[in-house]
Amino acid sequence: MKLKPLNDRVLVKRLESEEVSAGGIIIPDTAKEKPMKGKIVAAGPGKADDSGKIIPMTVKEGDAVLFNKYAGTEIKIDGVEHLVMREDDILAIIEM
Amino acid sequence: MKLKPLNDRVLVKRLESEEVSAGGIIIPDTAKEKPMKGKIVAAGPGKADDSGKIIPMTVKEGDAVLFNKYAGTEIKIDGVEHLVMREDDILAIIEM
Amino acid sequence: MKLKPLNDRVLVKRLESEEVSAGGIIIPDTAKEKPMKGKIVAAGPGKADDSGKIIPMTVKEGDAVLFNKYAGTEIKIDGVEHLVMREDDILAIIEM
Amino acid sequence: MKLKPLNDRVLVKRLESEEVSAGGIIIPDTAKEKPMKGKIVAAGPGKADDSGKIIPMTVKEGDAVLFNKYAGTEIKIDGVEHLVMREDDILAIIEM
Amino acid sequence: MKLKPLNDRVLVKRLESEEVSAGGIIIPDTAKEKPMKGKIVAAGPGKADDSGKIIPMTVKEGDAVLFNKYAGTEIKIDGVEHLVMREDDILAIIEM
Amino acid sequence: MKLKPLNDRVLVKRLESEEVSAGGIIIPDTAKEKPMKGKIVAAGPGKADDSGKIIPMTVKEGDAVLFNKYAGTEIKIDGVEHLVMREDDILAIIEM
Amino acid sequence: MKLKPLNDRVLVKRLESEEVSAGGIIIPDTAKEKPMKGKIVAAGPGKADDSGKIIPMTVKEGDAVLFNKYAGTEIKIDGVEHLVMREDDILAIIEM
C-alpha cells in the first residue's frame, strides 16, 4: 500500500536529528522558524494551471529537502513520521 | 436517491478508525492536524477555469483518500457519516 | 411578481425538516456546519468571466440542493422563507 | 444636476417599508442580514476587464432591486435617501 | 509647480460644505460612511493592465466628483486642502 | 558603491522639512496619513508581468516625488536618510 | 554538499555588522524595519508563471544584496548563519 499525493503535494519522510546535524547543516536552536530535513517518498503530478495544464514538479522521489517546521500535515506510516505538504513549502533541495 | 456534488466537490464516506489503523497507516494521536481516511462516493465534474472550461477531477468514485480532519461539511446518509468537501482538501489517494 | 437573481446567484426555497429527514439524508444535530435542503426557485444567468463572457449555471429551477446553513441572505416571499445565495454556496444536487 | 456613477457602481433610491411589504415580499425582522428594496436611478457603464474592455451592466435605470442592508454609501439627494453601491451588491431584480 | 499623480491616482481639491449642500445634494450627518464632494485638479495616465498597457481614466481634470470620506492621503497645496486618491475611490461624477 | 533596486523598487532620498514647505506644498500636521517629499536616487527596471515581460517604470532618477509617510524601508547611505520603496508607494511626481 | 533553492528562492549568507557599516551604508539603530546585507550563495531557477514557464531570476550567485531584517528562514551551514528567502524579499543589489 502506498500514498499518491494530489496535485502539487509531496509525501516527505522526516529525517532524524542525528542525520540532520550530520553533513554540516545544523538547525539553530533559537531560530524564529526552524527548517527541517526530509526525504521525498512520493510526489504528486503537479498543480494544474489556469487552463488545466499540469505544471511539472521540481522535486522528485528520493530528493533530500529542507522545509519549514510548521509545513504540512503529519501522518505515521508503519510507525514512521511522515508529512504531506505542498511543493511550495519546500525551501531547497540538498545535493550531495 | 443520491447526491451529485457541484463543481470540484466530492462526497466522501468517512472510514472507521479500525480500517484506518489497518494497513500500516496510523494517525498520530498528538498530531497538530490529523488526516483521516475516507472513500469517494461521488465526485463533481470539476471546477470551471477562468474561461468556463471544466478542469477534470483527479479523484474518482471508489478512490480511498486521506483528507484533513477539519475539511468539508458533515452530512449523514442512511445513518452513515459522510462529508462534502472540495477536491483540494484531499491530501493523497491511498493505492492498494 | 418574481425575483430574478443577478449573476451567479440563486433563489432557494428552504425545505422543511420533515422533508429533510425523509429519504435517507439526516442532518446531524452536532455537526460543526450543518447543510440544509432547499429547492431552486430561480437561477441567475451565471457569472461573467474576466472577458465578460457568461459562464452558464450548473443548477436550474426545480433542482433540490444541499447548502451550508449560513449561506446567503434570508428573505420571505408570501410568508415562505427563501434565501438568495451564490451558486458556489451549493454543495450538491439531490437526485431522486 | 445629476450623479453619474463610476465603473460598475449604481445610484439606488431606497424604497419605503410600506412599498417593501406590498407585493408579497416581506423582509423578516430577525434575519441575520436583511435585504432591502430600491430603484436604480443611475447606473455606471460597467467595470473594465483586465484588458480595459468594459463589461456591460446587468441592471439599468428604472430596475427595482433587492440589496443587502449594509451595502453602499448613503447620500441624500433633495432630501431623499439614496445609496451608491457596486452592481455586485445587488442580489436580484424584482420583476413585476 | 504642480503635482502629476502616478498610475490611476487623482489629485482632488475638497469642496467646502457650503458648496456641498448647494445644489440639492446634502450629505447626511449620521451616515455610516459620508461621501464628500471635490474637484479633480490632476489625473494620472491610468493603471497598467497585466501586460503593461495603460487603461485610460474615466475622470478628467475639472470633473466634480463624490468620494468616500476616508479615501486618499491629505495634502495642503498653497494652504488649500487636497487629497491624492485612486480613481476607484471615486463614487460618481456630478454632472451639472 | 551604489544600490540598484530590484524589480519595481526605487531608492528615494528624503527631502528636508524646510524643502518640503518651500514651494507651496505644506504637509498638514494633523493629517491621518502624511505624505513626504523625496528625490529618486535610483530606480529598478520595473516589475515583471505574468509572462515575465518587464513593465517599465513611470518614475526615473532625479524625479521629485510625494510618498506616504510609512512607505518603504529606511536605510542610511553616507549618513543621509534614504528609503527603498515600491513605485506603487509613490503618490505623485512633483513637476517644477 | 550544497543547497539548491527551489523556484524563486535564494540562499543568502548574512554579512557581519563590521562589513555592513563598511562602505558607507549604515543601518540606522532606530529604523522601524532594518535592512541587512548579505551575499547570494545559491539562487533558484526562478518562479514558474501561470503557464509553467520559468521567469528568470534578477540576482545571481555572488551578488551582494540588501534585504529586510525579518525576511526568510534561518539556517546554519558549517556554523555560518544563512537565510533562505524569496527573491522578492531582496530590496536592492549593492554594486561596487
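Some observations on this one:
The letters A, B, C, D, E, F and G name the chains in turn, as written, and every chain counts its residues from 1.
By our rule, a residue touches a chain if its C-beta (ideal position, glycine included) is under 8 Å from a C-beta of that chain, and two chains touch if they have at least 3 such contacts.
Please read all numbers here as calculations on a predicted model, not as lab measurements.
In summary, no chain was found to touch both chain E and chain F. Inter-chain centre distance (chain A to chain C, centres taken as mean C-alpha positions): 40 Å.
For the pair chain F and chain G, the distance between C-alpha centroids works out to 22 Å. Look at where the CA atoms of chain A average out and do the same for chain E: the two points lie 50 Å apart. For chain C, the set of residues touching two or more other chains reads 50-51. Chain contacts here close into one cycle, and each chain has exactly two touching partners. Circular chain order, beginning with chain D and continuing to chain E, reads D, E, F, G, A, B, C (contacts as defined at the top).
On chain B, the positions that touch chain C within their shared complex are 1-7, 9, 11, 42, 44-45, 48, 50-52, 73-79, 81, 84.
Those residues of chain A lying in contact with chain G across their complex are 23-28, 31-35, 49-51, 53, 55-56, 58-59, 66, 68, 87-88, 90-96.
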